[in-house]
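Each structure below appears as structure tokens.
The same chain A turns up in both complexes below, where it pairs with chain B and then with chain C.
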Partner chain A sequence: MSLGPVLFLAFFGIAAIWFGVVVFRTQSMVRSAIALLFSQTSVGAMFLVMQAEFLGVLQIMMMATEMSVMAIFMVMFMMDPGGMGKMDMTHQKRLSLRAGGIGLVAALVVIWTAGWQGPVPEVPGADEQARMLGREILGRSMFIFESAALMILTAMIAATMVAVAPQERDRP
Partner chain B sequence: MIPELMIALSVGAALFGVGLYGALSQTNLVMILMGVELVLASALVNTVAFWRYLHPDVTAAKMYVLIVMAVMALEMAVGFGIAVARFRARGSVEMEEARELKG
Partner chain C sequence: MSIVLVLLALAIGCYLVAVFEGWAVHGRFSLMRPAISALALLGREQILPRTPDRLFFETGPILLLVAGLLSVAVIPLAPGLIITDLAIGALFLNAALAYVLVALIMAGWGPNGAYAMVGGWRFLGQFIAYAMLIVMPITAVAMRAESLSTTQIVLSQAALWNVVYQPIGFVLFVIAALGVAWLPPIDLPTGGGDLAGGVEAEYTGARLAVWRLARLVIVVALSGATVTFYFGGWLGPWLPGWAWTALKTVAVAAAMLTLGRHLPRLREERYLAVSWKLGISLALANIFLVGVIALLVPI
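Presenting the complex of A and B:
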């Protein structure tokens, strides 16, 4: 076991959790979106530490775009995006806290009692990993990959149809 | 024991707990989506950790990560579509005011 990856994993992990908590603690919705961006970026950094370079870069790039869009939607739709009015936008706090706490504790119990055994196998280099993933996508998992593409297309059309303003002739 | 795996899985568990709390406690649709994003991020961390520390030879795990990432993007796209429609109809995306959606 080398100390470097352990320290970096712990650092980015704590950052991801901390920013995740800030998402629901801050009054400003724009800050919430930025905190979520930092949390997801920390997750991407964890991927890089775990030597999944392609997925790490993909995660950071995807989340940067996604959270920028989210921040725009926040400003558009929120009554108080800056949080100046100190509005409370929560409900059933105790139940939510209990559900989140139970989920966390149950997962931790399983993780810490499972007894994962080493040694940790070696990982191929980034270029070899990309080659293997390409072969996987265009080979055994091609049907799943094509299904995902179809799913994205369907969702894009559905989201546009839902969001588009109803025309006068569509009204009953 | 594999300390790196334990740390990564514990981070995943914490993200799941925080995300679940957020998705259940928020009244705004966009904030609920943020909670769901955190839950999905925890699934990503777990999958990459299992791939790296237990089975780095199984590339299908990365395929699964790509599918979860696609689901994250789709969830946001469809969620925002619903938010736009709701905002147009009612002028708000507060879920407390959406009681008529209850079956």
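Presenting the complex of A and C:
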């Protein structure tokens, strides 16, 4: 990998982490959700730098919609969505610190001990990548994707059921 | 070079769309009105609302403009006359348009005003309605072209335009496109009748000028996308390719701007109900039909 892509990769990686930090540093729920969105967008940009066009664009597209939907849920369920009342977003600090520390150590162990094979010499073209992804999703990984889709559909129906206010006539 | 030409074409297209919109709204055709309005907006005082989320307030219009410009990048004007011919152009267009939603939520939340906020969140509801209807017809278009590249999609329509090949997909795409650009009868986030401008309510001066320009870019981008996906892009006899694209894009934009004005405004829950119960079923049927036709008749 030449220097240019490595620099871009590092830039977007640091941007992803920085926006991730902003998620917890801001008091506003909407700012928090949008910061998480831009953190994920940076990850999508990292995919693009690594020439995984389809995955990168998909990541950038999906996150825009998902985080926006998450923002409205956060606004609906929090007492102080604008962060004007100086509500503290953090809690269980000691437990979180420990869990975060263990996660960091585990990630570092995996990074240092895994046998990385180095960057592939030849990246297939974007259209070829899309074709290979399609074959993968409709072949070996079909069951995983279908079961995930079913779970998401169940969650959507359940969320709608919870959100709909019960009518007078439905009550016993 | 093609970047400059596409941007120039975009600027002319935006101006024409502004002229048409003025004609549709005010009933008077004036070539000068958009220029005068823009100058007036730039000269006006820029009022900042009390305790705004300044970052969102300033970023909203700019993000909207960036989203529009990015979506234009993959629309071909003629063979070779495209900013970037991505192999996954159709998906990229979707990704860019997804940030219209983010921009509207930011612009709605930013000014700390009730009307703006209601408008912004309304657009989220509107998005839930149109999201599937913009992706699923594009899926059927890509199925016929066997490619996500916008250039390939145009070339696949050499024998027959997609508007004839998959009319259900075309109708759904146009309804969804009206939703993306919040054009009447689906102009809920700015809803003139009840929200006093909605997301636009707190913007004044240069910020409003950027916002309106961005909206024009999005209308042109969506018209260009409709032409690319359904009206054979640059294909046509006698005239050069770019002229066909320009003519078709202006015609589609004019139709999108005027037709909806004769319909009563849709309420968002009705738009949601119709989109999900009827729209998605039709979009699935469209994908199935296109699949069967593509297998049986090689056009």
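Here, the second predicted complex is superposed on the first by the 147 of 172 C-alpha atoms of A that agree within 3 Å, B and C clash if a C-alpha of one lies under 4 Å from a C-alpha of the other, contacts with A are read in each partner's own complex, and residues count from 1 in each chain.
One rule holds for everything that comes next: a contact is a pair of C-beta atoms (placed from the backbone, for glycine too) under 8 Å apart; a residue touches a chain by one contact, two chains touch by 3 or more.
These numbers come from a predicted model, not from an experiment.
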{"item": "Fit-or-clash call for chain B and chain C when the two complexes are aligned on chain A", "value": "fit"}
{"item": "Which superposed partner A:5 touches (first chain B, second chain C, both, neither)", "value": "first"}
{"item": "Partner chain in contact with A:108 - chain B first, chain C second, else both or neither", "value": "first"}
{"item": "Touching partner for A:58 - first (chain B), second (chain C), both, neither", "value": "both"}
{"item": "Chain B versus chain C as contact partner of A:93, first or second or both or neither", "value": "first"}
{"item": "Partner chain in contact with A:45 - chain B first, chain C second, else both or neither", "value": "neither"}
{"item": "Touching partner for A:69 - first (chain B), second (chain C), both, neither", "value": "both"}
{"item": "Greater residue coverage of chain A in the superposed arrangement, chain B or chain C", "value": "B"}
{"item": "Smallest separation of CA atoms, chain C relative to chain B, angstrom", "value": "12"}
{"item": "Chain C-contacting residues of chain A that also contact chain B", "value": "54, 58, 69"}
{"item": "Chain C-touching residues of chain A, taken from the complex the two chains share", "value": "28, 30-31, 34, 37, 53-54, 57-58, 60-61, 64-65, 67-69, 71-72, 82, 84, 125-127, 130"}
{"item": "Chain A - residues contacting chain B, complex", "value": "1, 5-6, 9-10, 13-14, 16-17, 20-21, 23-24, 29, 32-33, 36, 39-40, 43, 46-47, 50-52, 54-55, 58-59, 62, 66, 69-70, 73-74, 76-79, 89-93, 95-97, 99-101, 103-104, 107-108, 111-112, 115-118, 120-124, 129, 132-133, 135-137, 140-141, 144-145, 148, 151-152, 155-156, 158-163, 165"}
{"item": "Sites on chain B touched by chain A in the complex", "value": "1-22, 24-28, 30-31, 33-35, 37-38, 41, 44-45, 48-49, 51-57, 59-60, 62-63, 65-67, 69-70, 72-74, 76-78, 80-85, 87-88, 92-94, 96"}
{"item": "Chain C residues touching chain A - in the complex, by the definition given at the top", "value": "51, 53, 55-56, 86-88, 91-92, 94-95, 98-99, 101-102, 105-106, 109, 112, 121, 124, 127-128, 131, 147-149"}
